[in-house]
Amino acid sequence: MRTTSVGVFKVATRGPGDVSGLMSMIGSGAIDPASILAILGKTEGNGGVNDFTREYAVAALCTALAPQLGLSPQEVEQRIAFVMSGGTEGVLSPHITVFTRQDILQRPAGLSGKRLSIGMAHTRDFLPEELGRSAQITETAKAVKAAMADAGIADPADVHFVQIKCPLLTSERVEAANARGHKTATTSAYSSMAYSRGASALGVAVALGEIATGVRDEDVLRRYDLFSNVASTSSGIELMYNVVIVLGNSMSSTSEFEIGHAVMSDAIDAAAVLAALESVGLRAGQQTPTGSKLVNIFAKAEASPDGSVRGFRHTMLEDTDISSTRHARAAVGGLIAGLAGTGAVYVSGGAEHQGPAGGGPVAVIAKFSN
Amino acid sequence: MRTTSVGVFKVATRGPGDVSGLMSMIGSGAIDPASILAILGKTEGNGGVNDFTREYAVAALCTALAPQLGLSPQEVEQRIAFVMSGGTEGVLSPHITVFTRQDILQRPAGLSGKRLSIGMAHTRDFLPEELGRSAQITETAKAVKAAMADAGIADPADVHFVQIKCPLLTSERVEAANARGHKTATTSAYSSMAYSRGASALGVAVALGEIATGVRDEDVLRRYDLFSNVASTSSGIELMYNVVIVLGNSMSSTSEFEIGHAVMSDAIDAAAVLAALESVGLRAGQQTPTGSKLVNIFAKAEASPDGSVRGFRHTMLEDTDISSTRHARAAVGGLIAGLAGTGAVYVSGGAEHQGPAGGGPVAVIAKFSN
Amino acid sequence: MRTTSVGVFKVATRGPGDVSGLMSMIGSGAIDPASILAILGKTEGNGGVNDFTREYAVAALCTALAPQLGLSPQEVEQRIAFVMSGGTEGVLSPHITVFTRQDILQRPAGLSGKRLSIGMAHTRDFLPEELGRSAQITETAKAVKAAMADAGIADPADVHFVQIKCPLLTSERVEAANARGHKTATTSAYSSMAYSRGASALGVAVALGEIATGVRDEDVLRRYDLFSNVASTSSGIELMYNVVIVLGNSMSSTSEFEIGHAVMSDAIDAAAVLAALESVGLRAGQQTPTGSKLVNIFAKAEASPDGSVRGFRHTMLEDTDISSTRHARAAVGGLIAGLAGTGAVYVSGGAEHQGPAGGGPVAVIAKFSN
Amino acid sequence: MRTTSVGVFKVATRGPGDVSGLMSMIGSGAIDPASILAILGKTEGNGGVNDFTREYAVAALCTALAPQLGLSPQEVEQRIAFVMSGGTEGVLSPHITVFTRQDILQRPAGLSGKRLSIGMAHTRDFLPEELGRSAQITETAKAVKAAMADAGIADPADVHFVQIKCPLLTSERVEAANARGHKTATTSAYSSMAYSRGASALGVAVALGEIATGVRDEDVLRRYDLFSNVASTSSGIELMYNVVIVLGNSMSSTSEFEIGHAVMSDAIDAAAVLAALESVGLRAGQQTPTGSKLVNIFAKAEASPDGSVRGFRHTMLEDTDISSTRHARAAVGGLIAGLAGTGAVYVSGGAEHQGPAGGGPVAVIAKFSN
């Protein structure tokens, strides 16, 4: 088994096109550009169909990294997994998290326990009519297993966060499917984001054995008792395939970091956020009894589909002026930022089949003290 | 000194025009309509200039209470203080809090300590050009002192929450001032809400001795080091004067309730929310070591005017699609709801001069266990 | 055949709760409250699920008219047809149009031609699962025929505008259907508005013979080649049945007004607006060669579902911050107001099966010169 | 006097990062990249402070043109004037208009009349506290005169459109000014866009002699009787100086195009749009009696600051959910698209001091028939 060293760097951005922070860390030698495997970012768009800050951020990063890697911008986009989650409502703060991985000869003697590991894979291109349906589920499950292998993780219990970037439907894509005689799962671009996120999450759940195989098309966005505890999926207009990033702990890693997770049962589940922090030796408010230090929190948020939270009605699903994903990110982002002591956390909207209905996964990466 | 019995009832609403919950409690005898002094509500509008859910809720309540009180709807609106705060972003849940007060002959022997007391007053009508300026500050300060006296509170330290409803400017009101040769503090209706809230809060601070008198017109919305720790002000289109409601603890009250407060230093100040809970014997998540029980939390939220929270940039002030007050309510509402265990809390936007810049007061009312 | 005198009064409003204009006209004797049959209004909400300005306006009108009619507000709401269309985007100006009808003994000798006539009917209450499906189509068609008879109109060619108010789904209504083992056409409140509007419009088309009977559930919001040229449907949260108002010209009427219509083939069809004006003797810009005078224009607007207008892409369907109905009302409202010379026109959003895809009916009421 | 040939090309875009249309025209030889002087675009953002589609479009164009011109992307941005106006509300369709200019030896014999000419200039960088004040007015006026000379235009009557791109304030820029002891005209980013647009427009009016010199700081956004009939100004976050583009007709040009203009007196001034079309031989609906052909229309839109249009109240300034600039673009865009027969027109928001209050300039470019 190969041994890897995995690094994690959180870098604030001044706008979706701002690459200066990352470039400065490359310039100083803190980050070796050749080791960058994935970049997860929060950009300040609306997180919806017409959120162009995601593709703009990716374009800016690819253009900036191209000369560093001796590649064209297009080749950079193929090499590194970029997952930009739009929407920094409320106190959420735009930033990117850069994951690096380098092979090393062998694990140093005396290094204890499993440590942060990362693996990647992607599916084939989907047809518009496959989005939100079993084809997307099945292909995603395959890619999750491939990414686990890439991460050196065999036990699903060691997987703490699976980030997926998935496609959405546009008027043009719906039209293209219709022209070939196929109906898409929905004709609404906005709704298609939910279908694609949901099917992708079910793919994770299948791969990790959280649910049985054989999920049917009609279960997507209906059978909310089927879900993954570690899936986080974001849809974007810029691709037609799923990119899968598995984050977990592995004996094959010599990283200074570790990851843990919990599951929020609803949007106000402060206890789950605290449990996730405690799983990696942290407490609320950035107090660090163990000497460990918070790097970032990754969570999913959604408006509970039944219209209430712990018996009290919410109004997120009835608001025609602000989409429910924006409401949910703002609220859950406020809670997590309050407990984490910082708004620079990755809270992403649209948690269909990611955690129980109205809730969602919350993962924490911490840096060991020594 | 007169002795009063003060009651607090939180009632969920199914829409801004829904009065069924309150009517049902009146029907069952749980609430005597003649004892209702004030109703504070969260309604599901946008909380901005064109939020008509506030006046709609007041109209519905007045129409429903009129036959109960043998008054016309207009007379009900004069008799009871209605403060509707628009905006239930995120997990916030629409509800009203009904405050009742009845004179009683004498305080029962053996009743311990200060208990929840409430007092009210209002200013004269303001001219459009007085809003956001020293006239509004001075008149508000007078009304706060009158309301303290009405509440049987002499020591400012016993005041824990001062809710004020204040006017805003419309195109027509600006025009009217111009026609008389006067300039208003701003010509923007939306900005005028901030000016009016700010000046009203400064009036509270003056009345309670939190700041010196002599605040100048140009200090409003500029000198953010001047603020009150207990002021909560909401502007609405439906009135031209300030309504002042003082909530505190008093030996003159025999209430089953008590109130405490803390000040959030920023929008993610979880410690302050916990301190406010603890001040009335509560903990996070509705755990009740003392047997006391949470009734409601009253807090103010705002986007920090310097554009960042604990060193990380927020994007609330640059968002042209969602007003910063909506962002801030959603985020702070998420945090408070998480710690309180319920979204039925009163979080109101626009905390100018209410707590430090970017922060705000947070008050908690609890019911004693016995 | 009975003979009627039909009046039309356009009254500007200062807010959704403002009834002063109408009350003043009643006070002066210009309007006999007992003759009021229907009130169509444009209110300044978002026109979406959470637009409470519609029900607020109705509540305010019912409360104000109750003493005039010697009825309770609830009885007024049963007696008069209130159709409030939310959304006054762009230059659209909030107003109500009051339709009155009085029986008269006989048509004066020498009165020429067909004149404005109005008739009303309503369906039974619908179950949530019937909305957007054939049950709603069939029941609506029945009601249209009843309303035509009430208007004294036998020939469908004399029908120029059929306004329908129809229900929508809320989380609670979807839940109720689920609890009884039924699935609704959609689980999204916002989408349900389109389904309900669409099925109602198909009901009009069936009644007037514009399309064949036997429309299937799956044709709704799919077969956009099926539509009515005169249907205008608005969905609101406040009712569970359809209210149908037929406007046309009839020999049984002695009205000083007449109505005509045309069909906009797309959202920029200026020629259709001009044709509608000309059908009642008017020209652009309120020029009145015949001496006739514009009273109001009634039109429906929508974003063309194929994502383009005359070959050029529009972005209304991909905007996550502003709903496409708001975009469409603003744009079509701008065009019609420009040609009419006033923003006080009734342009309503959501034109599913009302005119061709992306277009919609446009009707004009004019007052004869003498 | 030098003689130039000026070309105008309208190219639809599929997204803010889409450069394929322009690249295809360069590839086919239709456009010589070396001749590109300016690109005006409509991008599909919100047109507000956080509209990143503008800078994204510019970045994409610079990156694509760089190899064509043998320059770096940064050098392309210096060489070509890019003016991206955000906001394609309603029927407006995203597109760019590419202006080319080439020197030619001499004007062909027999070529009649003045023809489309273009000139450019820019101001120095502004300090944050200079925005919206006399410094910005004065510097802009200088630049307008320089751009007229560059266009070969001596008579202000031959200037039909002056497009300016100007800066706005961000929290950081306000902070920077404060740190140096200076106050900016406003602390709100959104308001600063209006100040900057207004001062820039006043600079045009001064340069063209439409108003006297000596405009004072306090006249900006107050003295709306001071305005230019041909100024069109857009503010963006991406620059700190003003870029000025003058479009007019000149004997020095041999262009196949001509330009004319009119002034809309309010947002529903259909007659002005028709007059602008007629000034270059066009009629409504793309009818072309003279054989001339519409290329594009350039107009400015705004919500009338007095809250009404021809006596009827509008609600654009009181809407907390949609900014008034979005409302105004949608409405005026609907009218102009209706009369032009296409949504691919350049309608830009924020017409402070550009045309009379509530109105704005409207310019039309047509291609001669032969």
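So that you can tell them apart, the chains are marked A, B, C and D in the order they are listed, and the count of residues begins at 1 in each.
What we mean here is this: a contact is a pair of C-beta atoms (placed from the backbone, for glycine too) under 8 Å apart; a residue touches a chain by one contact, two chains touch by 3 or more.
Here is each chain with its UniProt name: A, B, C, D = Cyanuric acid amidohydrolase.
Here the structure is a predicted model, which means the values were calculated and not measured.
Common neighbours of subunit B (Cyanuric acid amidohydrolase) and subunit C (Cyanuric acid amidohydrolase), by the contact definition above: A, D. When every chain is reduced to the mean of its CA atoms, the largest separation from subunit B (Cyanuric acid amidohydrolase) belongs to D. The distance from the centre of subunit A (Cyanuric acid amidohydrolase) to the centre of subunit C (Cyanuric acid amidohydrolase), with each centre set as the mean of the Cα atoms, comes to 46 Å. Computed from the mean C-alpha positions, the centre of subunit A (Cyanuric acid amidohydrolase) lies at a distance of 39 Å from the centre of subunit B (Cyanuric acid amidohydrolase). Contact of a single residue of subunit B (Cyanuric acid amidohydrolase) with at least two other chains is seen at positions 44, 46, 50, 315, 318, 321-322, 326. Against subunit D (Cyanuric acid amidohydrolase), in their complex, subunit A (Cyanuric acid amidohydrolase) makes its touches with residues 15-17, 44-45, 50, 52-53, 55-56, 59-60, 63, 73, 237, 321-322.
On the side of subunit B (Cyanuric acid amidohydrolase), the complex with subunit D (Cyanuric acid amidohydrolase) involves touching residues 46-51, 170-172, 175, 187-191, 305-307, 315, 317-323, 326.
Residue ranges of subunit A (Cyanuric acid amidohydrolase) in contact with subunit B (Cyanuric acid amidohydrolase), taken from their complex: 12, 14, 44, 46, 88-95, 267-271, 273, 284-285, 308-310, 312-316, 318, 321-322, 326-328, 330-335, 337-339, 341-344.
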